Amino acid sequence: MAGRDFVVFVIRRLINAVITLLILLLLMFILVHAIYTTPLALARLYAGPHPTMAQLETIVKEYHLDAPLYVQFINYLMDVFTGNLGYDPIYKEPEAYIIMHYLPITLTFMIPAVILTVLVGTVLGAVAAANRNKWGDYFIRAFYVFTWSSPPYFIALLVLLVLVYWLGPYTHLPASGYVNSLLHRPRVITGWPLIDAIIENNWAYVDSYLVHMVLPILTVFLYSFGVYTRMARNVTLDVLESDYVRLAYIKGLSRRVVVYRVGLRNALIPLVTLMVLTFALSWTGAYVAEDVFDYHGMGYITTVAITSVDPLMVYDITLFVGISVIIANFIADILYGVLDPRVRIT
Amino acid sequence: MTEQVVERRGRGFAASIWSWVKLISRDPTGLLGLIIVVAFVLWSIIQGILELLASYLKDPRLGWLLLPYNPFIQNLAGAFQPPSWAHLMGTNYIGQDILSRILYSIPYSAAYPAFLVVLSAILIGAALGISAGYLGGWWDEVLMRVTDAFLSIPAIILAIVVSILLKASFIGMIYSFIIVWWPIYARLFRAETLRVKAMDYIAAAQLYGVSPLRLFFRYLFINTIDPIIAYAMLDFGNVILGASILNFIGVGLQPGLPILGEMASDGVSWGFPKYWWWAIFPSITILIIALGFVLLGDRLQDIIGGRAAY
Amino acid sequence: MLLSIRNLFVGYKTVMGTLHVLDDVNLNVDKGEIVGIVGESGSGKSTLGQAIARVLPGNAVASGRIMVDGVNLLELSEGEMEKYRGTTVFMILQNPFTSLNPVKTVGYQLMEAARIRMVRSGERYSEDKAYEMAIQALKDLRFPDPEVIMLRYPHQLSGGQIQRVVLAMSLILKPKILIADEPTSALDVTIQAQVINLFKELSREMESAILFITHDISLAYVISTRIVVLYAGRIMEDGDVESIIREPMHPYTQGLIAGVPDLSKFVSGRVKLQSIPGNPPSFLDLPSGCKFHPRCPYVKDICKVQEPPLTRHNNRVIRCWLYGGG
């Protein structure tokens, strides 16, 4: 039955994701080697600021930077798949270790923001499409055009201004940080501070953490909202003009059923792709939010890496971001199969 | 209806531009977008010419001929001034007039990156995408895979990486944007080529023995470019926003020259909301420019996509 | 009189202005009649069908009267019109591959129709009964394995099968007025014949008034009891099928018949045209006077200037200056 079909489908999508990942690694590899053409130049990536010639040469030997390119690439692949992303010259710790400390902090607020964007955006997009050119449509469009054209830092600043400085006494929201730094940090169980704190019943920490998450979530939500809702509206409009929607009307189904149960349900299929796009986009929003709110996550260490000239860190972080998007894509592919029988049943 | 549209094109470039303007302006938001974009482009051209003259004639004062103040002059006594009649947008930490700095920086903060990046991306994307769509086979497969991989990383983030690798200068940022931006256009051109390839007039041209280069330009490029122009209009806004984000984070700066994103960032680090005008006004400038492109691009996409019946 | 259309006008608002599509459409259809609405592509025939079911696109404007059971459908609100769709008016669309909801099974969609039928008849909904109704309808449409078909998704069916499913839906809904908009144009010829035969059988059983829209006049001849010829959004001729085919009065009708090998024998030797030169006009640029005059072999001066009204000649309705007017 469809069970076996589905498993085959999942495996095929998985292989596809892995291939994309390999190509991504290849591209990143080519990129680096196209810019840093000699082994010594490459060594600078791994060295700290102001390295001496002797230090550079040691690095070349240690990392086999003078080996033929394909050998380096194989080494690189093996390193990535075993989690070895290099040793950061400035922090003096393995990159992977540093990144795994900051990644959960970003994801903890980014994922709820994306979910919020998708839920609100889908509903509002459908409502706008269903009420085309009436007041609801105009209002929603005005809103998403505004958030779409705003630079994310502007959104962050507005959010800060309104919720903290004007309505501060009512909302008691903190202006920066991801948690009250005076609080005792939970033990590392999962590596995700919020979850660890919940497991430990450290409710003061949880409370502070959640309260600090509000502004960044709002910022990322508002930032991604524009693009997503516009697409949702356009996709729904296109679906609503299709023949089967017309036939559903002609059958005598009520307008609400036609728009939501037939139209929106079908629009979900292309929307799933958009959800992945939104996830990818929200990384950018997260970066900026972390900058403005002094939130110590991936964006934060990226900016630090930029100012302290640590290209290796920036590179590895970007790799992580890329991998996260590939994973999101994979999940979306699976959802696609669930939502669209044409994909999973041949 | 297609015949009418094709005929209209033949009636002269100026005439068809005007009919597009009318079409766009039927919708008030489209009109607003058009006005903003035209104002932005005109200002950038004028200011750019003044700058060119200034360096040619070795007289930098030409650069700020049209500005209320010399954007570089420092006046420590008048630092941190909130907006007033003298300084409509206030002053920064060394007393420079923010309005002048904003106006001065618009051409290279926004206009040059936008046009350079989008136009390069279109050219590269057209070459790769049309050839992939037209030739098919393994070349197509390779291109699809490569663009897939590129599109896995959000454009801005990838741009950050490349910029860093290229030493984070202004030019480095432009290059990195071009590298990051072309995959979308390659995809768009490929999709359009596939659609157009199935049409009879392409088969006719092939039978007729049209040379590949002529085929490419006269037939494929001309006929695939419409939806891409609409997208590109939106994309100008995207590039401007993206560049400002990179500038905000600290990438792609040019020491000595005011840059919009950087001004906003400085405003935040020196004290927000205490010196709110310093961060807010540059941000609003970017907002308005991007808004213009978004409104215009949205309207164009509706017209070309047939969704603008009324 | 089940369906009575008076002075129907339909236009579309577009970026290039308002297109006038249907004009001065007057038509009566009684139950049991099968009216073949014949017209070339771009004659507005689909618009006519959509206007009656009131599923015109959002940028359409319509005026006039579409009277069903004494009610003008054009004056109803959305909520009221909803009650008329399905059980009073139903429509079969041209492209089978886009007619059904791709994410729901055939069974689900048929039972959906059954539910509507039951609710409108005042019955309480019963899933078992709906299932029975669906199975029975599929059997009537000669599906050898209805239980299997119920579980299939639309993309697993062929074009002919989908049209039969939609026909099954109309059997379930039992509409008073059934509009078939080129239901077989997208199908292979052999499947076409099969579907047409089924259609003929079913129309004898149902007491609906059927409007069969097609560009193929020989198909209309096979199916209809009456033919209405549409050109440039106007009715040019309207009469019972045998007499229209044997003695077409309007030059356009004559041209249509002469152009079809099977039917031309009826009119050979008696008409000027063997085929009609030129193209139908675009709605952006309609000719003055009679819309057919640029292509008409009998054109007179008055045809270029003034549009002839619909007039009645014995049992024929005709719009042509050749037969007097006014």
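Per-chain numbering from 1; labels A, B and C assigned in written order.
The definition used in the following text is that contacts are C-beta pairs under 8 Å (C-beta built on N, C-alpha and C of every residue); 3 or more make two chains touch, one makes a residue touch a chain.
What you see is a predicted model, and the numbers here were worked out from it, not measured in a lab.
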Compare the CA centroid of chain B with every other chain's and tell me the farthest one. C
For this structure, which two chains have more C-beta pairs in contact than any other pair? A-B
Where the centres are mean C-alpha positions, what is the separation of chain B from chain C, in Å? 50
Can you compute the centre-to-centre distance for chain A and chain B, using the mean CA position of each chain? Integer Å is fine. 24
In chain C, which residues are in touch with two or more of the other chains? 57-58
Which residues does chain B have that touch at least 2 chains other than itself? 310
Multi-chain contacts in chain A, i.e. residues touching at least two other chains, fall at 133
Chain A-touching residues of chain C, taken from the complex the two chains share: 53, 55, 57-58, 78, 82-87, 89-91, 93, 95, 98-103, 112-113, 116, 120, 153, 155-156, 166, 169, 173
Can you tell me which positions in chain A touch chain B when the two form their complex? 19-20, 23-24, 26-27, 31-32, 35-36, 133, 145-146, 148-154, 157, 160-161, 165, 230, 234, 237-238, 280-281, 283-284, 287-288, 291-292, 302-303, 305-307, 311, 314-315, 318, 321-322, 325-326, 329
Please output the residues of chain B touching chain A within their complex, sorted ascending. 29, 145-146, 148-154, 156-158, 160-162, 164-166, 168, 179, 237, 241, 244-245, 248-251, 261, 264-265, 268, 272-273, 276, 279-280, 283-284, 286-288, 290-291, 293-295, 298, 307, 310
Under the stated contact criterion, what part of chain A meets chain C in this complex? 132-133, 241-244, 246-255, 262, 265-266, 269, 339-342, 345
